[in-house]
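You will see two complexes here that share chain A, one where it goes with chain B and one where it goes with chain C.
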Partner chain A sequence: MVKAIDNRWWLAAAVAGFAALPWGLGIYHQHVLIVSLFYVMMTASWNLLAGYTGQVSFGHAAFAGIGAYASGILATKVGLNPWLGVGAGTLAAAVFGFLLGVLCLKMGGIYLSLTTLGFSEILHIIINNEYEITRGTMGLQVPGLIAEYSKLAYFYIFLAGAIITLAVVHRLIHANIGLNFRAVQNDERAAAALGVDVVRVRVLAFTVSSALAGMAGALYGHYLLLITPQIPSLDQQFLVLSMTVIGGLGSFAGPVIGAFGLEILSEYIRAYGEYHVLAFGLVALIVARFAPRGLVGVWKQFMDRRRPAA
Partner chain B sequence: MALLEGRRLSKRFGGVQALTEVDFAVEAGAIVGLIGPNGAGKTTLFNIVAGALPPGEGQVVFDGWPITGKPAFRICRRGIARTFQVTRPFGEMTCLENVAVAIVNRRPDLGRAAWGPMAMEYLEAVGLGALAETAAKHLNVIQKKRLEIARALATEPKLLMLDEVLGGLNTQEIQEAVGFIRDLRDTRGLTVFWIEHVMGAIMQAAEKVIVLDQGRVLMVGTPKAVVADERVISAYLGT
Partner chain C sequence: MNKKGFVGVIVLALVGLMLAVGPALGADPVKIGVVGPRTGDAAATGKAFEEGIQLATAWVNAKGGVLGRPLEVVFEDTAGAPDKAASGFERLVTRDKVAMVLGESHSSSALAEIEVANRLKIPFVVVEAWADPITAKNYRYVFRAGPSNSGVVNETIAKWVQASGFKKAYIVAENSDWGLGIAQLTEAALKKAAIPYEQLVTERKSQDHYTELTKIKQFGPDVVLAYVYGTGLHYFVAQAGEVGLTPKAVILDGAGPPSLWPDYWTNVGDYGNLECFVSSMHEKVELTPLAKEFRENYVKAFGKAPTDYKSRSIYDAVLIAADAINRAGSLGAENLVTALEKTDLLTTRGKAKFGMEKGGPEYHQWMPPMLVIQWQDKAQTVLYPPEAATGQLKR
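Moving on to the complex of A and B:
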């Protein structure tokens, strides 16, 4: 009990400290923090699916794209308020996630990965070709969330988005449904034999995860003010995957650590061109093979080993 | 009255006819043994009843409900629990959480504070209380079989289907296990449908034995009648 209270204080202190951080930083570093927070939303929600139910989706960036374009198109064509647009984008991603989930989650295993990969490519082609609506590779110019552009304000908006995302994930994995998530991941036949509606559990995880990606994408679009096919690209997808795997798949803190670590690192090595995604992918492969619980797992192992000695 | 009934069940895997027009009945409150040589189709029969495999032909009726081809989780919620011959623990979860999965899908209203003690009772019933917080992957084979039984019981079934739970036990442990299973029937009113290679256990515990051979029912009778039967002996020893 004492420990739980301790943890809560630590968490509050960390969030408060982090919230004060951008005041001492320049615009460039504020930008890096905002992008990092976008990736926290992406990795935490992808982890809900991949880390806790064992369903590897390659469509997470695509769902972020759906969120971004849904909100952006509504803002430019209908003049919808961007805040409502974020809600609409979240909803659109949830609907697509649900439909795709119902279609392919009955099959399980590798099929979700293949279907989402295909879905991602199809979406990419549509965005590139429906120039009239999406402005193709030129990008769609969209209004911002706030009248007067301020990095500081966007930082807090993204911080709120990240906290909402993490809260949803935390809530789900610690509820009874979280037990079902893990049971399905560990052994779906045994789960079904104990009364777990495996397909329903998977569709739920997929829908929630997609919706959160949609929210992240919509917010991101209204921050960049220009939505390009880069948001729903496979590059983006593999970056999110690498961040989660390196940070720690299936752990709560892992995706957060991975998102900040790799985003900040990629800013430093950007000078060497776009090879950083490739490099991260390779590192992620190595981590997945030798330390499947990522940095968080390595840290836990280290602490466990120290404990008996102390 | 039969709690579980199979009517003309057939199942084919490619060129292999695993079951051919199998008729069987499991009476409410009974312990019914299912025996037969390897490859006789015993586990296939279990899988069809539990919804883990779609049947080729035929019907399964449980408690008056046709459950043929229904998904496994619905059949579980109707009141059939099964264990797996090759155990299937949720390896990364603790023993307590393993059992909790069975509880929360029956009682979604329960929070951790409520299902914790309940799960503990099931674990204690099979002698795994001390390992409640251990990840299931660290259990040995026999403990994993016990966990299978604890999880199955936690679904609060009417019918418990056991698939070779005695493998690897010594004579004394078999005695205890048989006592435990008879106790389940006597105190909880469970019906037990039991695949077992350990004939001594079936002889002691079962009121009725169904013998499968090459996917067909070879005979049905009391344990005594079954072991004395020429056809059963030759099926086991080969002719």
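Moving on to the complex of A and C:
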């Protein structure tokens, strides 16, 4: 009990410290923090699916795209308030996630990965070709979430989004359903034998994960004021995957560390164009092979070694 | 999440940010930014920009720099993608602290960048992005020292089509702001000139035009106005030759540079002969003494003659920027805008002077003269305007 209260104080202090960080920073650094928070939302929600239920989806960036385009199109064509648009984008991503989940989650394994990869490509083709609605590669200019553009305000919006995402993930993995997630990940036959509805668990994780990606994408589109097919691209998907794997797949802190670490690093190696995604992918492969628990796992191992044997 | 995890995140973020602060400090030279595609389908434009920047900064610094300090250009790659362009533009202003930004050769990217320029109140001189709305939005901080769609269509392409006596035209436009915009203006001009036409929209990155070319061939045009940028144009020209559309019909590359890129002849082979393109540069048409100087300096620096006219466009833009900074006497955005509005500078393409009439694309626009050139046995022949012509159209 005392330890739980202690942890909460640490948590509140860390969040308060982080919330104070952008004060005194220039707008470039505020921008880097905002983009990092977007990736926290993306990695944490993808980790819920891949890290906690073992379902490797390549459609996560596509769901962010659905959220972004749904919100952007409603704002520009119908004149819907962007905040309501974010809600609609989140809902749209959840609905697509649910439908795709029902359709393909019985398959699992490599088939799920292939189906989501196909879904991602189909969405990309639709966005590029239906340029009269989406403006394709030209980009859809959308209104911002606030009347007076302010990086500081967007930082707090994204911080709130990241906290909501992390709170949802935390709540789910620490509830009974979280045990079911783990059970399905470890051995789905054993889980089914113990009465766990494997497909239901997978669909739930897929839907929640998609909805959170949709929210992240919608917020990101209204922050950039421009939505392009880059948001639902495979580049984006592999960046999210790399961040999660390098940070620590299946751990709560791993995706957060991966998102901040790689986003800051990518600002330095941007001059190499798209090669930074390739470099991250290679590092992710090496990490997956030699340190499957990512940086968090390496850190834990290091701390365990330093601890004196009982 | 445990406390160690969160503390780790904060420490990582702080360390990263402290490291990121480094490059922005201690700026002695006056920095201006350039945006353009260094990677992607139009990477050759980035190369042309780099060449022009090298020559222009050397020229400016040899004459004392700006405000008594050396001029430095920071180039940000946009890859021809609007999202990368907007964030790259913002990075130049917020991280590199540039006084103004120049460049761009994709209209969709420029349309995303002008919003950032307007929000950050930073002067932006667009060089080779032609869509009318770039200046038609009448943003105070946005200028264009280069062609506009309406200028190119109304002053050059439509007049050349009429002067050449073409009877039927086909418009092929890529699905970009430039392609769709210039196609719409061409349509209006052809309608006004009572020239029958048809048109289609093609995917910007398409590599397969056979179906479209079959449709075009059925219509039987004698001129095809191809508004396709990048290596996509090479595919179009080569496949038009394969299906027998050319040489019966003449293709006009409505952008220009793709027909001048080093891999043009490799990609299109003999089908590239008799193709026409628009350009603002030709070795026998030097409008000012500075154009001659540019050519000489280019040959000296790179050991070859300049081909892609965009190297000269960015060269002019750097000179315009340096001139404005010197006249403004400071790097304040408002002073720079006022100085740019009063620009009256002889460049390689004539006297640069920005329009001040609000309400249309002429605001903050300087339109340099454009030429229509034809490849004749791998040599360039100027066809239009008549006063600059070095030969006749061959078919």
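List of remarks:
FYI, the second predicted complex is superposed on the first by the 308 of 310 C-alpha atoms of A that agree within 3 Å, B and C clash if a C-alpha of one lies under 4 Å from a C-alpha of the other, contacts with A are read in each partner's own complex, and residues count from 1 in each chain.
Note that in this section contacts are C-beta pairs under 8 Å (C-beta built on N, C-alpha and C of every residue); 3 or more make two chains touch, one makes a residue touch a chain.
Values in this document were obtained by computation on a predicted structure and should not be read as measured data.
For the composite obtained by superposing both complexes on chain A, the positions of chain B and chain C are free of clash and fit together. With both complexes placed on chain A, chain A has more residues touched by C than by the other of chain B and chain C.
Of the two partner chains, chain C is the only one that A:I27 touches; chain B does not reach it. Within the superposed three-chain model, A:F302 lies out of touch with both chain B and chain C [touch as defined at top].
In the superposed pair of complexes, A:D197 makes contact with chain B only, with no contact to chain C. In the superposition on chain A, contact is made by A:Q230 with chain C only, not with chain B.
Contact with chain C, but none with chain B, is seen for A:G17 once the two complexes are overlaid on the shared chain. Taking all C-alpha atoms of chain B against all those of chain C in the superposed arrangement, the shortest distance found is 18 Å.
Per the touch definition, chain A reaches chain C in the complex via residues 6-7, 10-11, 14-15, 17-18, 21, 25-29, 31-33, 36, 128-129, 131, 136-139, 141, 149, 166, 170, 224-226, 228, 230-231, 252-253, 256-257, 260-261, 264-265, 267-268, 270-271, 273-274, 296, 299. The touching residues of chain B, when paired with chain A in their complex, are 50-52, 71-73, 76-77, 81-82, 84, 88-93, 97, 100-102, 104-106, 108, 110-111, 115, 151-152, 154-155. Only residues 1-10, 12-14, 16-17, 19-21, 24, 38-39, 77, 79, 81-84, 86-87, 90-91, 94-95, 108, 111-112, 115, 119, 175-177, 203-205 of chain C touch chain A when the two sit together in their complex. Residue ranges on chain A touching chain B, taken from their complex, read 176, 179-180, 182-183, 185-187, 189-198.
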